[in-house]
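Next, two complexes with chain A in common: one pairs it with chain B, the other with chain C.
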Partner chain A sequence: MTTVTGAMLAQVVVSGLLAGSLYALVALGLALIFGVMRVINIAHGTLLMLGSYATYWWFTYLGWNPYLSLPAAMGLLFLGGVHDPVDEKPLEKRAPELSSLLLTFGISISLVNLAQLAWTSDLRSVEFLTGSYLLGPVAFSKARLVGFAFALGITVLAFLFLGRTKLGKAIRATAQSREVAMVCGINVGRIHLLTFGVASALAAAGGSLVSVIVAIQPEMGQVWTFKSFLVIVLGGAGNYPGALLGGLLLGLVEQLSSLYLTTQVSEAIAYLLLVVVLLIRPTGLLGGRT
Partner chain B sequence: MRSTEGSRLRGLWALLLAAGLLLPLGGSALAQQPIKIGASLSLTGTYAKLGNNQHRGYQLCAKHVNEKGGVLGRKVEFVLYDDRSDPQTGVRLYERLITQDKVDLVMGPYSSAISEAVANVNERYKMPMVAPMAATTAIFKKGRKFIFMVQSPAEVYLEGLIDVAAKRGLKTAAFVYEDTLFPKATVVAPGGSVDLAKKKGIEVVFVEGYPKGNTDFSAILTKIRAANPDVFGAATYFDDAVAITRQMKELNVNPKLYGVTVGGDLPKFYELLGKNAEFVYGATQWESTLPYPGAKEFTEAHHKEFPGADFSYHTAGGYAGCQILVEAVKRAGSLDGEKIRAEILKMDFDSVYGGFKVEEDGFQVSHKMVMFQWQDGKKVIVWPENLAEGKPRFPTPPWGKRE
Partner chain C sequence: MKRLGPALLALGLLAWLALWPLWASGYRVRFMLELFMWVALAQSWNLISGLTGYVSFGHVAFYGTGAYTAGILILRADWPWPLAVLAGGVTAPILALLIGYPCLRLKGPYFAIAMLGLNEVMRVVVSYFDGLTGGGLGLSLPTLHASVPVYYAMGATALGATILAFAIITSRFGLRLMSIREDEVAAEAMGIDTSRYKLYAFLLSAVAPGIAGGLFARDQGYIEPISVFPLLTTITMIVMCLFGGKGTIFGPVLGAVLLSVFQELVWARFLYVHQVLFGVIIVAVVLFMPKGILGVLQERYRLPRTI
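And now, the complex of A and B:
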């Protein structure tokens, strides 16, 4: 249809990477939960939604700069996640993955409905940073650019936390093998809670960044949950750098297929990619557990 | 524990109150059962904003009808469920309303997509359905007998935009649409935007649909920016209208005329976008300033009943749809489906919404569409000329050149 010029391609690649960084940030949380707790957290997108609303209310009633209130949103959801009222121990004994799927599904529905009751389905948004920087023919949306910077920054911090700190190593150890970690003296129960807290904080960060970009409404989290799963399969379950790569890849695939084909098809292409990766390399592009 | 003395007194009061209420009714209490009107509405989900407006229209209509003594000597009462903006859910709910809740009458849901889905249900049970929020022609051309259109059809939603473009000598146009029944019909159906543009000698350089729920329009807008059309029309609902407008600014897309269809007329559109909503054109089936009978009173009554609530033609359409049904029942003198249908087909009725007259298949032929532009935070009707209150601010200045 339309001939694709270099400028158009550049624009779309930029859009893809900017969007992808957010996917990566949010998916990282999901990867952590799955890797450590073997829990399939369907409620992940819902956590993001809560982060968005927190940012919105703080912005509307307290005038807080959404980027400055981001740590607060992360802290809030961290506390929520760490006090995760759900006792997974009985689940871990039998069919952990299936039960956790149903459980988090239920939690997700409850939270979404509570949000609808409390805040109605009215669209909200944080009108903070609009417009873009123009670099030649390529426009960098301001909100997405700042989001990109934060997302990468937080992801890097998360990697440093996982790689360099004792707690981070304990988390990775638990992910590798619960039994051996216990033998090494790691309090696995506490690690699970901590992981859930960290993952919730990452989802909240995503929500905070996204509140300036998209419309906020109670069901906004759904698509983020789906995309996070896509990213994890692409990058490899439990593979944290894989989440980053997968996120950026997903962003690019979506935008490029929208450009060369149509936007309707781009959704299908993303899922097609998922199927292809599962068939050819089920452990994900960077490898991980199945 | 409450004292039994107190609760006995309370019981006595309740009895007296009930007796007091029942006495004046006298006659057969059964005939005073309210007439139940069943409907599903999109109270949550993608269409929530507009579904809730339509809901308030229904509520206000019922209130006014009852204040005037009801219909056939009985009050009316809506039995409403939330279809969550999902056609499949709507179908289930109408089945339930008709077979389990045994409603006497039905009213239509929000959107063409859901109206189309549920049309088969009320057709099967021969319950006439005034479908106030269905503007897709195809719904009414399938040989159905029990569905009636209130809106002007989807195909003419962007007619104002295209007409203004043609009059200003513009040469190229681009259209996008949410890939669902109504927006798609607006653009690509026979007699839709693409056809209208071609008829006026405007070249259509880009047409593309996007999936429902899409939030990232960068690729589409990048392609549009490259195609550089004079006119850009988007057949949208609300969320996407906001997202597209915002992202146009981000990607610096600057057509000389830019209009949306649904959603652009909601006060919330301007609230969310602020100054970025200026110069945007929108299609509307109705504005409170139009000279229709009772329109002003309806608007005032609405603001009194629902202070601060969002208000749009969806509210008025809901209200008028219910008005039309009640009028038809009055004229038929019965709740019989066939009799009501016969009356609806005979009607040449002016509601608060404008003209209502349908053909044998239920297709609307009397109602008129108008186009407005956001100017200084107000919607100014700019087309058609005989109903216009102001002139279009043309051309739309590029994003970089606005204050």
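And now, the complex of A and C:
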């Protein structure tokens, strides 16, 4: 093994934070749905995949700048999301969490395979903003740097929306207690739909941003569902700022493990992290409800 | 006297299946072998997910673990294949213990997502230790014409998994598991150590996939990470169990038989369409027929709960 220099370490920290901001953005959507509906949306990564494809097709056929198509993708998936299929009445009665897991799993399989039918499983990429900036010995990939800025910006906007606006407060109230929110005059059904729409839009934003970084193919989403969940566990379920912290942490851990071990095992290390956190501190690093 | 009819029917069916390789063509023997495998897998998934309600999205990880255990023992340690296959039925529950212990102590979806990731991780791990596992190149086992013994072994695994399901569902242990599914907090309040019983169910549910994976490895003679850790296998066992009726004894068998036949007749020719349909079936069953075919029949014809 080669010795690890300071420059290499700096590079790894930079890459980790850049990647982590994307994890945080995507995980925030999953955390929102989980908070409000007590549902883990297995199809979350699939929505990200759809966002990536939307960006790809707009780029390929219409020549749209991927960063300009980002709001379009967000809007598209928001509209798709507010027709949320998850919030079905029969599920509320018994074991809603577990039935809805199966339900979103089924939706995810169907969407992934429809994508495979429609677009084949060829790897596609959006060739935009290649290369990187050099700052001393540390390279900043252009696409990742811009992605970082967008991810952070959208995450901050989402926090502002949740913290400052009336709708955002209604979402948080519903997450805290469905019944009390109802008593306060919040239309819980509409909040569910809105939350699903916002979460889908966040996934789409993630999809647009990663489309210029990684290869696009129908099955790319599953790993994002898993990583988003890992981020939620790290930060603490139901704790939205925790998602940001968890995302950055996951990025760092992955990059560090690929420095000291190999890139291949970084996924296994992330998994180990999940198991260890669940063993030691199941409420996540920032606490929160389980 | 009342029970004589079903018993005779079961004996007749067993005898017919036992004699099957004597007169059926190789292709049909293979079809039946795969059917046995699906029965064993769907039945195992039923033990953890059908009974306790804890959904396992990565059950194929145990299948792959069994396949690699058997493959490595046969190739690198010269074990006779029946023994190596049984060893797969031991290593898979060990993996289940490592994952289940931290994840099953928590309620809700932690377990489900941990299982979703497990499969990917096992694929990575297997590729990483390429000295032992052959990495992405896979393992080629020495040729052996053992189709018929493997057929019987797979049949025994399916039968064993079904008998295990019968024993559990008709026992107090089974009732405890089902009470976890219905209301975990209430189950705990009644003094049931839910974490422990969930873990037991999970360990038992890993045995048959481990053995079936080992038999698959012996039968195919060649395994690679992609061939023994496919997400599709998990999806298929889930669909079969849900469709037939989760939490019942013969639901997974029924689901495996019906879907295997359909698969054979139509779907396998259109891979992606067939997977889209699987997704649609899951959604439809969860929304409109949560108890599956057998559950509907039970209600309509007042069949006993233990079927």
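Assume the second predicted complex is superposed on the first by the 287 of 290 C-alpha atoms of A that agree within 3 Å, B and C clash if a C-alpha of one lies under 4 Å from a C-alpha of the other, contacts with A are read in each partner's own complex, and residues count from 1 in each chain.
Heads up, the rule we're going with is that a contact is a pair of C-beta atoms (placed from the backbone, for glycine too) under 8 Å apart; a residue touches a chain by one contact, two chains touch by 3 or more.
The model shown is predicted, which means the values in this text are computed figures rather than measured ones.
Using the superposition on chain A, decide if chain B and chain C clash or fit.
Clash.
Output check: A:215 vs chain B and chain C. Expected answer is one of first, second, both, neither. What do you get?
A:215 contacts chain B only, not chain C.
Just chain B (first), just chain C (second), both, or neither: which does A:264 touch?
It touches chain B and chain C both.
After superposition on the shared chain, which partner residues are touched by A:8: those of chain B (first), chain C (second), both, or neither?
Once the two structures are laid over each other on A, A:8 reaches chain B alone.
Identify the partner contact of A:42: answer first if only chain B is touched, second if only chain C is, both if each is, neither if none is.
Second partner only.
So, A:156: does it touch chain B (first), chain C (second), both, or neither?
Touch partners of A:156: none, neither chain B nor chain C.
Taking the superposition as given, does A:106 touch the first partner, chain B, the second, chain C, both, or neither?
In the superposition, A:106 touches chain C alone.
Which of the two partners, first being chain B and second being chain C, lies in contact with A:229: first, second, both, or neither?
second
Figure out whether A:116 sits in contact with chain B (first) or chain C (second), or with both, or with neither.
both
Who does A:254 touch here: chain B (first), chain C (second), both, or neither?
In the superposition, A:254 contacts chain B only.
Pick from 5-13, 221-229 or 293-301: which stretch of chain C gets in the way of chain B?
Once both complexes are placed on chain A, chain C clashes with chain B in 221-229.
Which parts of chain A are touched by chain B and by chain C alike?
Residues common to the chain A contacts of chain C and of chain B are 116, 223, 262, 264, 267, listed in rising order.
Provide the residue numbers of chain C that touch chain A in the complex, in ascending order.
It is residues 53-55, 57, 98-99, 101-103, 105-110, 112-114, 116-118, 120-121, 124-125, 127-128, 181-182, 231, 235, 238, 242, 272-273, 275-276, 278-283, 286-287, 290 of chain C that touch chain A.
Chain B touches which residues of chain A in the complex?
1-2, 5, 7-8, 11-12, 15, 19, 116, 121-123, 125, 127, 130-132, 134, 139, 141-144, 214-215, 217-219, 223, 254-255, 258-259, 262-264, 266-267
Inside the complex, what are the residues of chain A that reach chain C?
It is residues 38, 40, 42, 85, 88, 90-91, 94-95, 97-99, 101-103, 105-114, 116-117, 222-223, 225-226, 229-230, 233, 262, 264-265, 267-268, 271, 274-276, 278-279, 282, 290 of chain A that touch chain C.
Using the touch definition from the top, list the residues of chain B that touch chain A in their complex.
Listed in rising order, the residues of chain B that touch chain A are 43-45, 48-49, 52, 179, 206, 208-211, 213-220, 222-223, 226-227, 238-239, 242-243, 246-247, 249-252, 268, 272, 274, 276, 399.
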